[in-house]
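To keep things clear, I will list the structure first and then write my remarks on it.
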């Protein structure tokens, strides 16, 4: 096997350009995933049965249906009801909303380990629910769930490759296209893997940093 | 009743989707869309007097996208088959889709198509070429071991890895692969099976009838003034000899 | 509230009962707590002291009877509904702002420093600016002698230090009624004296206090009245001298105090 | 919708589903076990091992499964690793899942208050016992949900095995799609089968969660 | 161990020091604890009592000096290494089996019932059968008067009940040395008396006990010697009568006990 670094070197600029889409979708998706995830989690454990039922439905839909199908729905079905999203918006939204279901569950699991006494203390002081979540529960749930959350964010980066089905030339797609012309899949895929690795390494290291910062000694 | 042709002319722009992953028809080289279909369709758009915007989509979302109206036209090489003609409107042939084999360079055990008897041969799932390969294989004394791959890339990768001895796909693609990785792949001549052709696709139904007609007119014009041959020469190094009437498919 | 109410009890408990599954933790407890009074709750372990305290601010949804703060029913919309319906969280929150609490297990927030633990509610409930809240929190921490540890997290504090943060957190809010659940259990005698001083000061400022305690010396010294619970029932509620005199009226109280008296004769 | 399609393709779809389930269960349980071992070694092992595990986790977790599988299956033969599709699929599935599981377990370890471990050490419980009797049962509280999540994610990652011609569900539905030029029906079938797996997994997760959080419920 | 060792101190602490970052929690503490002795540790909150206790079984890795149990260095392989190297966990585990501990924060295992909390180590360390372990655990729970709650989880127990489970868990293991960190902080006077009885009994069976306490009555009553810590330093270690007599030699001890004495005059 002759592994050709020339091929990688030659195509790297195009792959890096494509990686910008990957980054954009990932960052947008992460923002939605975290913000919406917290909200869905809070709804899921609400004492109001309708709210928690809706949240359960949300989680079960977005975890149950393959993301590919969700994307196709967002992009190809929504126009039928008059919602014609641009491809990039559909991709960010689908990726973020799907990931939010997972994030919500991670946070819910983490929340269960926060001793109930802490919530009681907040109640006894009259701290409003919003502040309770913002200042007491979410920071601790994020700390406990951080490794799992980083897992989820990294999966999100990788799953952004599905955005190709709505016509976005992100990293995986462009790598495949280059492969189709050069017939050198191994080289191109190794290079693509390296780019994904670097992006995810940054995510992961930030996660570990946050874990360290939030650690209560 | 909407008419696509007049809509497009009014807009001054046609949006065409393809999978930029089928050399030498659709390729993405150095970050740019190129290939036979690119060159041909650019000419078509010029003749129509409209701008063209090309989209790159994976195969599985091209047909849904066409039906959802996300774009007007598929300028990918789609093998013209009877079943597909029921659902979509095809243009005249723009490329040769007859099946041919590629083997590992220097493999002397395969000199002609019949030599694949008893050997492992890969092809792309769902392609018209796969059907041709199967039929051909049945006609041999010992049938070949036909393996189906989701993408042709993987079949070629397995050929390189040595798990299979040959790959069957359209003659232009096999030829291009042999040129690109000269030391690795080699084409087995001649192509075999029924002659098949690639056409372009517009949504099925009446709306696209006038568009198809107009594009067919342009294709014939390009046959006549030699542009079609020139473009094919440029990418294939030979003239595929395409019919100027709709081929009969069964 | 009308002026004449000052002579009314601030908290009225009537026929209070609470079950954990089939276990009866409180049974028909009735009790008045007067304005500016210090009421000590004593009784054997597991007799329901914490539970009673927690019913007062509806951390436990009591099953029968009622608790009223200045006439307001705490927690339930009404006692006549069947089943009872709890108040909306916003209404409950307003009620609870009048009632401070120091927990038996402290329940500090581990991710916040001592100062932040105290300042948190000042910012989010009293709507103080961060700087003001921290100033006030510092004053509260100074009262419990903890100024040097304001930047420590709970995990890095000794037991007594944690307890003092919990006390500071509650007193900084200046509620009308303060519920203390064994506020000096982790404190050394010297500090107990200091905390007692702080409490006396608060009492003279008109705060009402309900204090669960096992320290009979504390109860004897600081209480206006002492209530004795046993097996979820209120046995007696009288001024301390009546209970700490050599032979209280009730034999159960007597037995309860016996070992204590023996031990404290040095 | 053409019903006879489902009759014609039923057997191959079912066999695809069976292969998917096989790869999924073997792969994800293998990954779970490997991940747990990694998490334990990371927590209790010597420093060099920790750095190795750190690197392993970052590299495997940071790169797409499709590419890992492609490199293993198609690049492997050139270095003498010749695997069958199902072998390659299951091995790479185990490897791919393990760093995620390891990280989930790591978060579980972090969630147990140190005091409880100290108490266990004081009565002389061995480190292994501490993990199995004190830490593990309690860490299931925060990690059951993320574990369920990841099992669900893995159901869908099985689709990637089609790249190396593992005759799993997606592979079979694509056969159906490409032979019949339908795309709604195959996607529908695909979605229903995945949905079945997802529902099963989340049910199981919910049951486990009810069990492991029993002690938290106050009466 | 040779017989003549019985007159040797069972625990020898020499020049012990412990830092948390730059904060000096213990400074040059030296102390002998005799076999079957009950030693009470008293001192202000934050003076390092819990830290000292935790150094005795190496829950805190002490920085300077040494702790020896029957001559064995606890925790470190040797005190001459620089930096010091801790023992392998298996060796440490064997050392700790001789030393029981009741924590200030109890540290019960929340997922196990009271009975399981007590039986766990009996099964897994003492290698008893499950039935035997449970019998023994029941006896221990009965000693602290908690037979009726054996099936409850810690979250459903009152503070005092939790503390008693923690005590039962430790005493069921019958270690040579028992470390108690404020074992009666959450107990009512009556129970304090009972626990005291249990402790006396254990002492007469030859167990050595180190008890951190804020209850001076408890210390005065049960201790053979009382050690007073302040700001991480051991100020004095004398028999209780010397410290609880009206004016102890040391003015700091005197100040510490002053408020306590005042309060306990009923």
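As written, the chain order gives the labels A, B, C, D and E, with residue 1 at the start of each chain.
Heads up, the rule we're going with is that a contact is a pair of C-beta atoms (placed from the backbone, for glycine too) under 8 Å apart; a residue touches a chain by one contact, two chains touch by 3 or more.
Bear in mind the structure is a predicted one, so any value in this text is a computation, not a measurement.
Colleague: Could you tell me which chains make contact with chain B and chain D both?
Modeller: Touches both chain B and chain D: A.
Colleague: Compare the CA centroid of chain A with every other chain's and tell me the farthest one.
Modeller: The most distant chain relative to chain A turns out to be E.
Colleague: Quick one: which chain's Cα centre is the longest way from chain C's?
Modeller: Here the answer is chain B, farthest from chain C.
Colleague: As a quick test, compute the distance in whole Å between the mean CA positions of chain C and chain E.
Modeller: Chain centroid spacing, chain C to chain E, equals 30 Å.
Colleague: If you average the CA atoms of chain D and of chain E, how many Å lie between those two points?
Modeller: Their C-alpha centroids are separated by 46 Å.
Colleague: CA centre of chain A versus CA centre of chain D: separation in Å?
Modeller: 18
Colleague: Touching two or more other chains, which residues of chain B qualify?
Modeller: Within chain B, residues 60, 64, 151, 154, 157, 160 contact more than one other chain.
Colleague: Which parts of chain A, given as residue numbers and ranges, touch two or more other chains?
Modeller: Where chain A meets two or more other chains at a single residue, that happens at 1, 72, 116, 185-186.
Colleague: For chain E, write out the residues touching at least two other chains, lowest number first.
Modeller: Only 105, 155-156 qualify.
Colleague: Hey, which residues of chain A end up touching chain B in the complex?
Modeller: It is residues 1-2, 10-11, 13-14, 17, 72, 75-77, 79-80, 164-167, 169, 173-174, 176-186 of chain A that touch chain B.
Colleague: Once bound in the complex, which stretches of chain E touch chain C?
Modeller: Listed in rising order, the residues of chain E that touch chain C are 20, 42-47, 49-50, 104-105, 149, 156-161, 164, 181-182, 185-194, 196, 214, 216-218, 220-221, 244, 255-260, 262-264, 266.
Colleague: Show me the residue ranges of chain C that touch chain A in the complex, using the header's touch definition.
Modeller: 57, 59, 89-90, 92-94, 96-97, 99-101, 103, 105, 107-112, 120-121, 124-125, 153-156, 169-170, 173
Colleague: Can you list the chain D residues touching chain E in their complex?
Modeller: 113, 115-116, 118-127, 129, 133-134, 137-138, 212, 214-216, 218-219
Colleague: Would you mind writing out the residues of chain A in touch with chain C in their complex?
Modeller: That would be residues 115, 117-118, 120-129, 131, 135-136, 139-140, 143, 214, 216-217 of chain A.
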